[in-house]
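The structures come next, written out as structure tokens.
Both complexes shown next keep chain A, but they swap its partner, so chain B is in the first and chain C is in the second.
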Partner chain A sequence: MLADHCPLTAVREILESNKTHNTKLWNQLANMGLLGAAIPEKYGGTNMNMLELCVIAEELGRALAPVPFSSSIYVAAETLKATQNENAKKHWLPKLASGEAIGTFAFSEKAGAPTFANTNTAFDGHKLSGTKMPVPDGMSANFVITTAKNKKDQAVIILADANTPNVKRQNVRTIDPSRKYATITFHDAPAEILAEGDKAEEMMDRILNRSAVLFAFEQLGGADAALEMAQTYARERFAFGRPIGSFQAIKHKLANIYVKNQLARSNCYYAAMTLGSQEESADLAIAAATARISASDAFIFAAQENVQTHGGIGFTWESDCQLFYRRARTLSLVIGAQRRWKERLVRLLEMKNVA
Partner chain B sequence: MKILVPIKRVVDYNVRVQVKPSGSVDLDNVKMSMNPFDEIAVEEAIRLKEQNKAKEIIAISIGPAQASETIRTALAMGADKGILVQSPERLEPLNVAKILKAIADKEKPDLIILGKQAIDDDCNQTGQMLAALLNWPQGTFASKLELNGDSITVTREVDGGLQTLALKRPAIITTDLRLNEPRYATLPNIMKAKKKPIEQTTPESYGINPAPRLEILETLPPKEREGGVKVESIKELVEKLRSEAGIL
Partner chain C sequence: MHLNDTPQEAAFRKKVRDFLNQNAKPKDADNLKAARAETRESEADGLARAKKWQKKKAAAGYAAITWPKDYGGMGGTAIQSVIYNQEEAKYHLPRGYFEIGLGMCIPTLIAYADKETLTRYVKPALYGEEIWCQLFSEPAAGSDVAGIRSRVKRDGDDWILNGQKVWTSGAHFSDYGIIVARSDPDQPKHRGLTFFFLDMHAPGVEVRPIKQMSGGSNFNEVFFNDVRIPDSQRLGEVGEGWKVALTTLMNERLAVGMGESADAGDLLEIARDLETENGPAVKDAHIRAKIAEWYAESQGLKYTKMRTLTALSKGETPGPESSIIKIVSARKMQDIGAFAMEMQDMAGVVSDGELSPFGAAFQQQWIWAAGFRIAGGTDEILRNIVAERVLGMPADIRVDKAKPFRDLPTGR
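What follows is the complex of A and B.
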């Protein structure tokens, strides 16, 4: 389906236009029931295991799909599934499953780690004020899940309707215009609590762990597609009467990409196993961080070596190499940059060793 | 109205088929899928059901145990029930037609929609042979199908253009590429398909010996294209076409 409906020309179309996403593809994903794959049946989904969602994420990553699947499903739907706020669940989950609504997350406010300590957005019990940026799919989202602090300076996770006059959004230019980002400003915007205090901290950990695995699968798909593109070119392009893939300089590049991709795949599979188990595995946090780091590394490496393999043509606007490079760079930054995930992994391993 | 849709498990159309040094087609670790023309047949049957012109669609596959996956694909698209006739033998169109006749005698369908040919052997015979065995009218290479009560109007793609036939039910239809565009199975339907029944039988249970009558002596890959030459003049080109290519 993605091969038919999401060739790289469709990704480029979003890159070169002001469109927020490919609506035709989004509707097709909704019609096939892929948006609601991991949403419980009582909220309009098919209640499949998270493993199925991992497979979908990998394929969307392979196609560089220009749709808000990650924001809406990996983060927004998973947060709503975890909240005790039944009204929010009943209202938004069926809409997410059908594709009628797009959700997103806004954790970051400026450069630096998007933690509660770095959060200045305030929630007074009913209304939300503050600015978040960059918000992935912020221009198309119907609602935003965001972090804030309450009057007691405690962490809160909030859901705000994005289509109210108190919410202003502005497009943010990023390295990857095939996925649009926004700055969202809340001026006393009506909002509701999804979690507060310690529960908010716990929920944030859960969101990060679960979405990290899904993002890792998306990055893994992209890394494999970049390798495939480089390998195809290396077989077709002849220099000095031989395919360039027969030269060691290219051969080694491709082998190195393959090794990184395989390492990332192993880490992703282990993380998926911990994610897919019935009870939340104690290893999930470590497995998720490991998968996230190795998949970010693999995708960035594969994307830049794909450009190098293509030589001069790889640097041109006409070449599709840039699509992988752009996506690899931005995907490695959402839900926190690699450095943050490395620190997180080291901390988790230290805690494990102490225990 | 009941519709039977025979479907075949074949090498996926995206796969570049390789020939082993031993002379057989390499099927190890090769992706297998439903024959694309059969997919069109399943889609047409589902569309008739959606128009309330059909009540039940039965997907039949004859082949190894893995052909049940192909039947599950048809069930996920919208077929109601499956029949798997397990046979490890390489099947020839006449044997397939005989098995399908036996199933048709039992199930008493109003319509059998088949792909016009399978993309592995390209025989293009089963539908016609089945029509002859059942003594039913046939509309082959259909690019348009209309049902009005007992009569069926089939538009066929023929060499000179389009030919329109009127058939009486029960009938055999074989599908051409432009009849429709098959749908993707949705995730909820894939889940539902797991619970739909697949009846398992063998050719012997219909009293048919599936052993092939033809022996494959040799399988060869297509000859590799050789490099061309530039000719200096039209005169030389004509000369080469006459003396070397033997075209003129």
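What follows is the complex of A and C.
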């Protein structure tokens, strides 16, 4: 379906326009029931399972699909599934499953690692005030899941309707305009709590763990597509009377990409198993961080060396190399930089060793 | 290795500074942040300002320091030329319009053209009245420079040129260009080439800008449709264009600049402003280690350049050590850009100069570096050069040197 309806020209169309996403593709994903794949039937989904979602993520990644799937499903839907706020669940999950609403997450406020400790966003029990930047899919989202501190200076995870007069948003230019970002400012915006205090910390761990696995699959799909593009070009392009793929410098480059992609694939599969089990496996956090680190590394390397394999033509605007180069870096930062995930992984390993 | 000027060099530097102080405004600071803050002027304004400045510079003898006085040069040394460029870079002066013409094109003319031609073209180029570009690269002739397919056919006293060049800097504001084209496809690839200079305003020359991944257009495609070139504009013998091209390419390294890019010191500066999840970024051991690694690389490059300059200063030919400079610096540019984005974490994607540290210089550098690793010799070609010409490794077995050019497989 994605091969037919999401060629790279569709990605380029979003890159070169002010459109937030490809609405036709988005509607098709909704009509096929793919948005609700991992949402329980009770809330309007088809409740297949998380493995289905991993498969979808990989294909979205392969196509560089310019849709808000990751924000709305990997993060917003997965967060809502875990909240005890039944009203929010009932209100938003069916809309996410049908594609009627788009949800997103807003954790960052400025350059640097965002944490509950350094957030300047405040929630007074009813209303939210603060500025978040950059917010993926922030222009198209109907609601935002965000971080704040309550009056007791505790961590809270908040859901705010994005379509109220107290929420202002502005498009933010990024390195990958095929996925749009925004700055969102809340001025006493009506909002509700999804989790508070220790529960908020737990929920953030859950958000990070689950979305890391799904993003890793998306990155894996992109990494394989970038490798295929480089392979094809290396076979077809001739220099010095030979295909450039016959030169060892290019062969080894492609082999190195393949090695990283396969390591990432294996780590993704294991992470999917920990994610898919009924009783959420204790290994999920470690497996998720591991998959995230190797998939980020694989996609960045594949995309970067795909440009290099193409040579001059790869640096032109008309070449599709840039689409991968941009997306790979964007996905590596979207739920926190690699540096932070490496730090997190070692902390998790230390805790496991103590226990 | 000399770190300081000899007394003669110091005297020359002082003379240059006096000249520059009388004619230009010094930059407030030569760091990246300050450079980013400068307002950018349009190309037309820049070109007009550049032409005015070039005239003054040429009149004072600084436009071609190493050229013989007969051609309007200063008859100076390579190290004097380096000193001048070091000093000029500290002033608000337009750059990037005449370097290719004076660094590559005119020196090729001086080596191959007759006296009459030189009398006509050298002075206007030197004084910035006429601009030159270099037309070598083609869609199928990048790393394999000799794979040129642009075709010239003899027609009486003229040649007729058809074909396409690519990645031509400054073609859109150039008056003349030097070009290599294939005159005989029945000869092996290096033997069927002939070298010319041509009028960029001649009928049949069409210049189109290339839009780069960065979004801007700094280069052109140039198309030739039955362009007539008089045989008097041929440089070198028919079929010996490759030999002439090598003369030009030997000068390329000197003419291609690298521009400003963020380095270890800039990373240290943003690390002071940013936070990690565990506190100030500047206290993070991993970040500190990365800054240290890039600092060591940068210093290595700096002193490698000093070794080259020392050789020039002593009147010697620089050793092969300078061939490592681009291999290291292009990749370092890409990695530093990416790492600064890592430090900015989720906000690392932001390329809006109002919102991103250093006016989004790191993000732009990361985009540009992807091209810099390719331009003027890819990482892979440069490593081959080091292995073969410096380390004495045997060259690749070539399948394309003996056969007629028209029989070589071309792929796409």
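Methods note: the second predicted complex is superposed on the first by the 355 of 355 C-alpha atoms of A that agree within 3 Å, B and C clash if a C-alpha of one lies under 4 Å from a C-alpha of the other, contacts with A are read in each partner's own complex, and residues count from 1 in each chain.
In this text, contacts are C-beta pairs under 8 Å (C-beta built on N, C-alpha and C of every residue); 3 or more make two chains touch, one makes a residue touch a chain.
As the structure is a prediction and not an experimental result, all values here were calculated from the model.
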item: Partners on chain A (chain B, chain C) - clash or fit; value: fit
item: Comparing the two partners chain B and chain C, which touches a greater set of residues in chain A; value: C
item: Which of chain B and chain C A:318 touches, first, second, both or neither; value: second
item: Which of chain B and chain C A:237 touches, first, second, both or neither; value: second
item: Touching partner for A:33 - first (chain B), second (chain C), both, neither; value: first
item: Angle at chain A between chain B and chain C, C-alpha centres, nearest 10 degrees; value: 100
item: First (chain B), second (chain C), both or neither touched by A:1; value: first
item: Partner chain(s) touched by A:166 [first = chain B, second = chain C, both, neither]; value: neither
item: Minimum Cα separation, chain C to chain B, after superposition on A (Å); value: 11
item: Contacting residues of chain A [partner chain C, same complex]; value: 107-108, 110-115, 118, 133-134, 172-176, 181, 183, 236-243, 247, 249-250, 253, 300, 304, 307-308, 311-319, 321-322, 325, 329-330, 333-340, 342-343
item: Chain A partner contacts - residues on chain C that touch it in the complex; value: 137, 139-140, 142-144, 147, 166-167, 210-213, 215, 270, 273-278, 281, 286-287, 334, 338, 341-352, 355-357, 363, 366-367, 370-371, 373-375, 378-380, 383-384, 396, 398-400, 403, 408-412
item: Complex contact set, residues of chain A against chain B; value: 1, 28, 31-34, 36-37, 46, 48, 52
item: Contact set on chain B toward chain A in their complex; value: 184-189, 191
